[in-house]
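Down below are the structures I want you to see.
Shared between the two complexes below is chain A, which pairs with chain B and chain C, respectively.
Then we have the complex of A and B:
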């Protein structure tokens, strides 16, 4: 009997498919000189490689969070041994790795690195007897104080005076470990990447990342480094979980819209005539409906459908996943127009180019011309658009979830975290750490994506490629 | 003679990814007041960079590495940027090759001129009108309020010249000022430059690759090669007895009638990259006279005559022997024509508004009748925009004609469907003007050549065939695995020719196949085309605006103006003895390297070609025709047959 059964969520399948496509693309690109030179330009750019390193770290977390399973429940006495029981909760590899973070829930808010709760509560305190301990344990006093956390700094015991020193030591140990990891990685990268600005920048970025995260990880074994939220969940854990949601929205949305955008864009530009009119009409109409309204309507409809068909989903995770995918699809429906318009313009231009005319003079069928002559020559636009759209979509998720038409409330995302922070900011004293953590992570992700997009555009755009 | 500009040992370096480039490497020359000095050379040999460094307008990564530039007695290289700006405004001015991109598209002409003048309001207007008048722009007051897109190419170049004149420069630098213009417009602009020079006593540094333009304009000539001057000579000495092997090759590469039965001289290889480090003569690996000393020792300047010096070890080597063709040209074939068009018309609808209502037509091709026999070459000449390319596309059925007929070997093509055309596709192929746009950058050369074979030939494509084809256009078989960007312009044009030949056509339409190439490369392609014609008996419809190429290659000529053929006949008839006023002007406008001093030339045509959406009534040419009569404005002249082979559309011959 297995200790778990794997669970394949649809989003997992799509995400891993995307990874497979990327790997296949990379293998094919090895044969194409154009793509290789463009990637070499990226590999030689300090900004690009730094951004890529940060993105890779995010993707690593996201992919770890995309291997799902249901653990076997501990055998209960009285239940027959043959029938194994699996929990209804769907866990991911990340959950397993971060089990302490996931499970060590406090009662409610606590500040980052705190050992006590954030607000005073009425607690019973055992009073140490003054008369030599005869009646010890029996006496209890009711006091109002900050209650001690159950897990945060638990190893220190009741005496939290040494917490600062302990954190410093743990942090330093973490940093030392980080340094060791860095050295190993530097040694590995030396063999993998050619010397140059690119590699230096990767190493520098890795150093910064490890210096920040190794101490954080070390500390997180004993403390809530980013504090806890209203129900006592570790905020660090929540931010880590949000990454997958952001990545999914950013990548799957483009993946869903891509075939439509590429097909319609090229078709409209190349075929012209009534096809062009229809496609143009379609995207002009779509564009003139306010996007948020369209999305809100579609999301609400989708919500109703999902709510009325509970039998479709075995677990809550599957339901949340379906909602996430539906959101991607809806965002994709409304955002293909930009790319389609770009591609139409480009195809319109390429159609008049002489090599297309030459192919026409050979009587090459139109479909073959589109596949051989148009598509490969607009791929750079597609790639640039995909990378550029990514950050916009991550931000869009946050906004949509904030206004309540985003992901399922049970899905952890930057948007839901920010949504929750709405009330926290109104508290006195302010609970600032959820918002700050979500904001910092999202900022890093979006900034890295934007930087990377710029570099990709420079490397792949033939206009900028001309000048050395 | 007072020296206006003295350049000594000027050197420019540019930081490039491939190393330090030296596009200008020790150039010395001087220009006297009122003199025209021409810099001549192939593309990439440092002409423009020399000009830019005189104004200290080098690109970001470039810097002046040494030498001196003395202008009107002052050293420019020692000046502050502030002083330099004054020189640029007043002393020296420059005009560029591409008039379209040198003007700001969102400012009116008047505003741009006012900006250069540095004055505002009524004063600027008056000066602006005066300047535009001086460069021969009619109706100057109205033009001041127009935007660049409302002007034709020649007009834009005039505006550029007007702006350059605003500061009353003593030296005008003109970098290929007429390369982007049609011959008739080129003649206007060159005339204007010459007048201005005479009336203002201005010196002119003219940069050109066109020997004809140089012969018409220059007093002295400097030939540049790989960043250095290799020969400096007065015009007459240069055109009668050029001494440097490179100069001689340039002359021998020029196509013209006298070389019809000979091969054009070509220069093997290409200009070396400016990042090269040279030891001996820079021309050594392309020079037919090179001896061992050339490879090891840089040649010294040798004085060859009054004001004439050459940088060569063997300036007295005899002239290049002309290689005679073995076969004589085939006699006129009297077979039925391979290609025949009759009253071919192609009108592009002009659509406006949301409902795309047709509001008019561009009459790009408006009744073209041509005939071409197997093994012959028919040249189609005319100014840009007169509809030459459209004729080609209509013959190939890439564009469907509005009316008229196209017959290939007696088969009517205009009525065939796309699938019906398929058997005929292989018989007619096209070679395009721009070798950089005519090959798909994402496909390997082998795949590019195979494309037509796979669609049209029953046997499909195989390696052996591709190798044979590459060999037949003078390329190596192993080049099939490479991508187009690894090839030079001339090589790309060869690939394009191989692609067309792959399907064994009988008719090849060549749309300005050499206009984007240097003279020496053009010579290679022309030799190749003629060789192919003799081996394979191809018929060429050769579209060009270069009369010299027509003279060299064509048997018959058709002259096109605004969508119609105005004169056609054999080469000798049309070019030696043009009859139609437009042909007359066209032939006269071609700058010639034969001394034309005494012979008086027809004045250049005035005005521009009208738009083909609103062609003039009657004879399309009447607004520009010096012999226009009343009847010309009313009726389009019918064809008059002047000889068995010659037909003209002009009222003078009715």
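Then we have the complex of A and C:
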């Protein structure tokens, strides 16, 4: 009997589908020289490759977090063997790898790398000759102090004086391991990438990433490197989990809206006439509704539908997943108009070119012309739009979740993290680590995406000027 | 030109009807008038009679889109859609669920919204255009490079960070201005400074880069070379020639948002407790007050269309070649 059953969430399927599409695209690109030239330009750019390396690291975490399963519960005596029980909680590969981070929950806030809780509590402690008096026996006294964390620095025991030294040693070991990993990867990459600025930049970025994260990972086995939040969850774990949500919103939204945008845009531009009028009417109407209002109204509607149909979802994870996908669809609904307008303009131009006219004269059906001659020649616009939209969508998720029209509150995302932590700035002293961690990771992700988008745009279409 | 504007306004009618249909559909696909009544009356003590009475009082007792029982034009007009949504074309926004007049509420809240949105817009435009011109003046130097890096970094920061960080630093740590709130009159300044500054700062990154691209595109044109050749200073070239000729792309992005300034900013207003239209909308969304959301969507769309027309008109002002036929 299997120790787990795999769970396929819809978002997982779509994300892996996207990976498959990317691989297929790469295989196809190998055959056409002009696409390869553009990609070589990206591979030769220091900025682009550094950004791509960071993005790849984010995607690796996100993909690890997109393999879901339900573990089998421990067999109880007296229950027949045939009826295996699987937990209702859906876990991912990342959860399994980061099990200590996920499970080692403290009681409440603790600062990064702390060994004690953040707030004083009334605790009982055995009196074993602490302040001069050597009261023997098992007497306990009540004191108000910062309680010792259950997991943070647990291996040190009650005496936390050596914590600083222990952290330094662990961190250095981590850094050494990171260096070793870097050497292996550098050796592998030398064989894979051509020499040049691109490879140098990849290696440098990898070195920075490993030197930051290897010590963090080493420390996180014994400490809460980014502290813990209100209910004692490890903030480092939460930030890692948020990455998947951000990536999903950034990629699936454009993926969902692409078919509609491409189809309607090309159709309007190429076919003209009443089709053009209808499509233009559609996107002008959608465009003229203030975006946030349209999103808010649609999200509220979706929430009512989900709340009134609890029987659709077997687990809470599936419900949260459905809500995430619906949010992607709604964001897509409001953002396809820009791409559709661009494609319409481009198709209008292409329609008049000689090779399209020639195809028409040869009697090629209109549908075939659109598929064979128009579509491949607007694909660079589509690619640029996908990459350019990514960062904006990641930022939008945080804002929407903050306003309360974003992801399910049980979904871990940058937005829900910020939302949960923002009131804590009013505390004295300030609980700053959740916010800082969420903002820092989001910044890294969006910055990498922005830099990469610039390079892709320059490589594929130096003349296109996109609006901000 | 008058004929052109009139024709554009006529084109706007079907778009506005479409906008209304979309909001109407989004709301009534999942909510029936009975649900609305139940939500407003509270869960307890709801009898079918009470629901019926609520619906009759508010005019929700009619069919949604098509009235079979009525005759002639009444089939269309004796419906919720006609009575509630289409009446907005004559300025009748109806009442919110709490009984207040929506039009009056909007008039009262427009002031605070504009008090933030207008300075953010005007000062923000000034700051970003100046910054972009500065970068273009120092183009292809390390200063330009550093400026672009700064812009990309600034546009990668979440707007929530600017707001939360600004509130924390300025209001909590330094005690310079109150964290949130609003009063009428001149005293409002102390409440407005922080949101306005944050609004400007959070827009610098993306806008500056955008304007820089526009200016750079112009600066390699022949007329710029001619201007330099006849001995104009670089500043005169930038301000008189480059800025002037870059006006069309700038206006395309800028004019369309001017009417929408009335709508206020959802995020800023809710963070700073400003009683403007943005926070009004958020409250209505959270309370599922359809009447208010409907009115705000209608006004927002109308202002957007007005913005589009204003953009076309503004072209004729900066470029004498443009004629509106």
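Just so we're on the same page, the second predicted complex is superposed on the first by the 452 of 468 C-alpha atoms of A that agree within 3 Å, B and C clash if a C-alpha of one lies under 4 Å from a C-alpha of the other, contacts with A are read in each partner's own complex, and residues count from 1 in each chain.
Basically, contacts are C-beta pairs under 8 Å (C-beta built on N, C-alpha and C of every residue); 3 or more make two chains touch, one makes a residue touch a chain.
Bear in mind the structure is a predicted one, so any value in this text is a computation, not a measurement.
Contacts of A:372 after superposition: chain B is touched, whereas chain C is not reached. In the superposed model, A:33 makes contact with chain B only, not with chain C.
Contact comparison for chain A: of chain B and chain C, C touches the greater number of residues.
Judged by the touch definition given at the top, the superposed model places A:359 against chain B, while chain C stays out of reach. When the shared chain is aligned, no partner comes close enough to touch A:41: not chain B, not chain C. Touched by chain B in one complex and by chain C in the other are residues 468 of chain A. For chain C in complex with chain A, the residues that touch the partner chain are 14-15, 18-19, 22-23, 26-27, 29-31, 152-153, 155-161, 164, 167-168, 172, 206-207, 209-210, 213-214, 217, 249, 253, 260, 263, 266-267, 270, 281-282, 285-286, 288, 293, 296-297, 300-301, 304-305.
Within the complex, the chain A residues that touch chain C are 281, 284-290, 292-294, 296-298, 300-301, 304-305, 308, 391, 395, 398-399, 402-405, 414, 418, 422, 425-426, 430, 435, 439, 442-443, 446-447, 450-451, 454, 465, 467-468. On the side of chain A, the complex with chain B involves touching residues 32-34, 353-355, 357-365, 372-373, 376-377, 468.
Those residues of chain B that touch chain A in the complex are listed here as 16-17, 61, 393, 396, 398, 418, 421-422, 425, 428-430, 432-434, 437-443, 448, 451-452, 455-456, 483, 496, 499-500, 503.
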